[in-house]
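The first chain written gets the first letter, and so on, giving A, B, C and D; residue counts start at 1 in each chain.
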């Protein structure tokens, strides 16, 4: 039986566990990320999302429990780099993660570290820049890019490692609406190419794209399921998370007695459903 | 027991790079050079990254950052004094080393050891001041008063603070004084300063610089490492 | 109020691609140029030779198709302090022997003192321009690799060449970022009313400002280092061993030519030392 | 009509004027914030929003062009009392961590009130109020070290530090970006509450149109350093085409109604919030 891409088994993590007062960030979290899947992890600030993300590729090692990437224990030092290459991680603020002064060098950094031979390196780089729409900017200084371009560069610098999974840790939080949309579309395209996606966010409208959603609360998994199951879950309101606007409108209309289907989670679906409904009536 | 962070070496390299950047920023833009009307031209805070590097990342990083400070002050020098690499660069290499060594020696020390050490320091400095007083009376008196003041201050503080913080402060002050003493010694040996000038500069720069260094280093380290200060919380 | 602007642009450390001949040189030849340039600066004496060097360096800046004022921007934040220092030094510091132009009490202005001041300042400006030129025309990857390659003979003696190169290249790359950061810190402190603006007492204001700045600047640098380390680890950084490189170093004919020019420059400044040029 | 709190007229700003790095940040910009008003500043990245917000706190002061009057003081005048002004105008910057001046959260929030002369129990109560106002627990947070806070917590502490001086106007430069919905609601609630209880005004910079639609009374839209649209929120937000042209979205609720109306459902498009949209759609469906 093939291993799941990422298997998290009753993972707990505490910061400062050697010190006098450790802070427990994760408590008994279990989840699976399959190859080519699209997973969203949501939760409010301080719910342990980022800690979980860093555990997925061994940047943090579990205090208790097990994280296995393609069957490799992240605690095993022999697999350290294999794990990190397989599960690529994009952080929130790209400005603070750039090491190089040109787009091309920045993007190539991961592959250089893996010792990819140069001809292969060049083709990977070309591919990654093309995928992220940065080919024309390869000589530019990253600090002169727009916020959206910086975020895409951060993704490109992961793609050169040819990962099987992309973890985006609140990468959209600092972006203006249009840039955010572009980034999510890029992520969708990468998902279509077969990359597994783990999107970490507290924006409910973004989780609608996922196949599977996990809600974290105080370091524990509170709800797991499809976006539809999660958004309609009665416990959601108690976790300090808002429904996306379209779902709010839909929920209100449903309460007033409008016969809307359950799968109207984003604006386009809601509009279509309402127009269908209107047509059926007249 | 969690395994040791295998990537500690990367952190050390990157931190060294950033401290070096701050040093160069402070020296090359002259922001870290505060003009004062003494023969040395300016007081400095640009040596603080070297001290921090030594204390937090070890002697090697302290050495590298100190080299950067020396280079920056050498190239930016307008006085013949600092155009001499033996004065501008060589002593600066030792700033981080001395801080690192002092810190390594003291960080495990308890309150009593520290008290004794401060006492010994007090006696040494007083003896020194007496020597100075033999040649230039007023300088000797000023030095003695300053020494007593600083040591009494340290002892009072020691009663209130954790030994770890005191060790930090002493290491930082030692690093800063290394800079003052060695630069002035070199300047005197190489004939730029007379002994009396050196003493004046040493007292007017060295002590304020040492105090500022200790304050800054304690503030930064306790913020970054979040290590204990007796003051467990806000005054609210 | 222009005071925040001055910190905003430190030109050192900012790569500016213009595709010029200078950009295409091998990083090693540029690093050696910087080294030999510094030697030339240190050996140059007198007004004319130093002015000649400044013109030469500005010529190189033009050759790299960079605006001269951009490169000089690095000097701008230092200007007020340099000026103050210069005035104090010229007034109060006797300096090497020369014609005394003005003598009154502790104040003495002599030709030797003025020359010392002017030449030192020129040298400082030259150095900033040369360093800026190197980083404006060379990517950080190329600088790292260049230094590493130049240090290779020493690596045999146990010097960690890759780490040393990385430290220098990180330092250069973060210079402008930390400059900007400093500006942001000044602003943030002002916004909360933490700094009182002194108009007249420049010396006191500078001292206070410097001390209040350095703690947050250092704390922030540590925070930044943490984030950068995390991002590098996430991309499998594992030191210099087994690494491949995007940039390939090729030391070609034009590099030898440029090195020869640098060597000639040093030889020239050394020769000119013995000539009685003011 | 009462005098505006902030009146910016024909303001231009150029960074590094006279150098090759010269960049035009603002061109002939107008901005008005009236007493007890929540005004919003929106625009694509690099439109000059932050630069403009710096003028409100006199971090920048007009040199040649334009006129900036804040709380009745002309900030260009040398007689302008900056200390006073910055107490009355609280600015939360985009990078909140730089704004934290003290080692402990409690001391940091007490920084402003202390300068106003508060001490003892009054001070303690003020700090408690400010920490709780942004949704943090007083006892748990007052002794936390500012360096150990997470990004979201740092933003909240920065906001609390500014609120603690009871300013007449707060300027929040993307201060709710990166906060979760609960945190945002908390900040919105405190702005509304302060406006109701003591007439505090606010200028918010946000890239979330939903947030602006839900919170602001008036909106100024900046694009490439110019104020291209301004007016009451409903008026500005309903100009979907103009907003789209400069790369901004309409609020989601408005976009839904717009799409429905384009699809042939006769629904009002002048809606701002999901609740209003729900009402409008209900009206249309049950006509």
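Please note the rule applied: a contact is a pair of C-beta atoms (placed from the backbone, for glycine too) under 8 Å apart; a residue touches a chain by one contact, two chains touch by 3 or more.
This one's a predicted model, so the numbers in the text were calculated from it and none came from an experiment.
Quick one: which chains contact subunit A and subunit B both?
Chains that touch both subunit A and subunit B, as defined above, are C, D.
Which pairing of chains gives the most C-beta pairs in contact?
B-C
Using C-alpha centres only, name the chain that sits farthest from subunit A.
Greatest centre separation from subunit A goes to chain B.
What is the distance, in whole Å, between the centres of subunit A and subunit D, each centre taken as the mean of its C-alpha atoms?
Inter-chain centre distance comes to 29 Å.
As a quick test, compute the distance in whole Å between the mean CA positions of subunit B and subunit D.
Between these chains, centre-to-centre, one finds 44 Å.
I'd like the Å distance between the centres of subunit A and subunit C, where a centre is the mean of that chain's Cα atoms.
41
Roughly how many whole angstrom separate the Cα centroids of subunit B and subunit C?
Chain centres of subunit B and subunit C, defined by C-alpha means, are spaced 25 Å apart.
Could you tell me which residues belong to subunit C and also touch two or more other chains?
Within subunit C, residues 170, 173, 219, 224, 228, 232-233, 237 contact more than one other chain.
Could you list the positions in subunit A whose residues touch two or more of the other chains?
none
Residues of subunit D that contact two or more other chains, please.
147
Over in the complex, which subunit B residues touch subunit C? Could you list them?
Interface residues on the subunit B side: 7, 9-11, 13-22, 24-26, 28-37, 39, 41-43, 45, 48-49, 52, 64, 68, 75-80, 83, 212, 216, 219-220, 223-224.
So in the complex, which bits of subunit A are touching subunit C?
Listed in rising order, the residues are 54, 57, 59, 81, 84-85, 88-89, 91, 93, 96-97, 99-102, 104-105, 108-118, 121-122, 125, 139-141, 143, 157-158, 161.
Residues of subunit C touching subunit B in their complex?
Against subunit B, subunit C makes touches at 7, 10, 12, 38, 74, 77-78, 81-82, 84-86, 88-89, 92-93, 95-96, 116-117, 120-121, 123-124, 127-128, 163-164, 166-175, 178-179, 182, 203, 206-207, 210-211, 213-215, 217-219, 221-222, 224-226, 228-229, 232-233, 237, 239.
Could you please specify the touching residues of subunit B with respect to subunit D in the complex?
Listed in rising order, the residues are 219, 222-224, 226, 232-236.
Along subunit D, where are the residues that touch subunit A in the complex?
44-46, 150-153, 177-183, 207-210, 247-249, 251-253, 255-256, 259-260, 263-265, 274-275, 277-278, 281-282, 284-285
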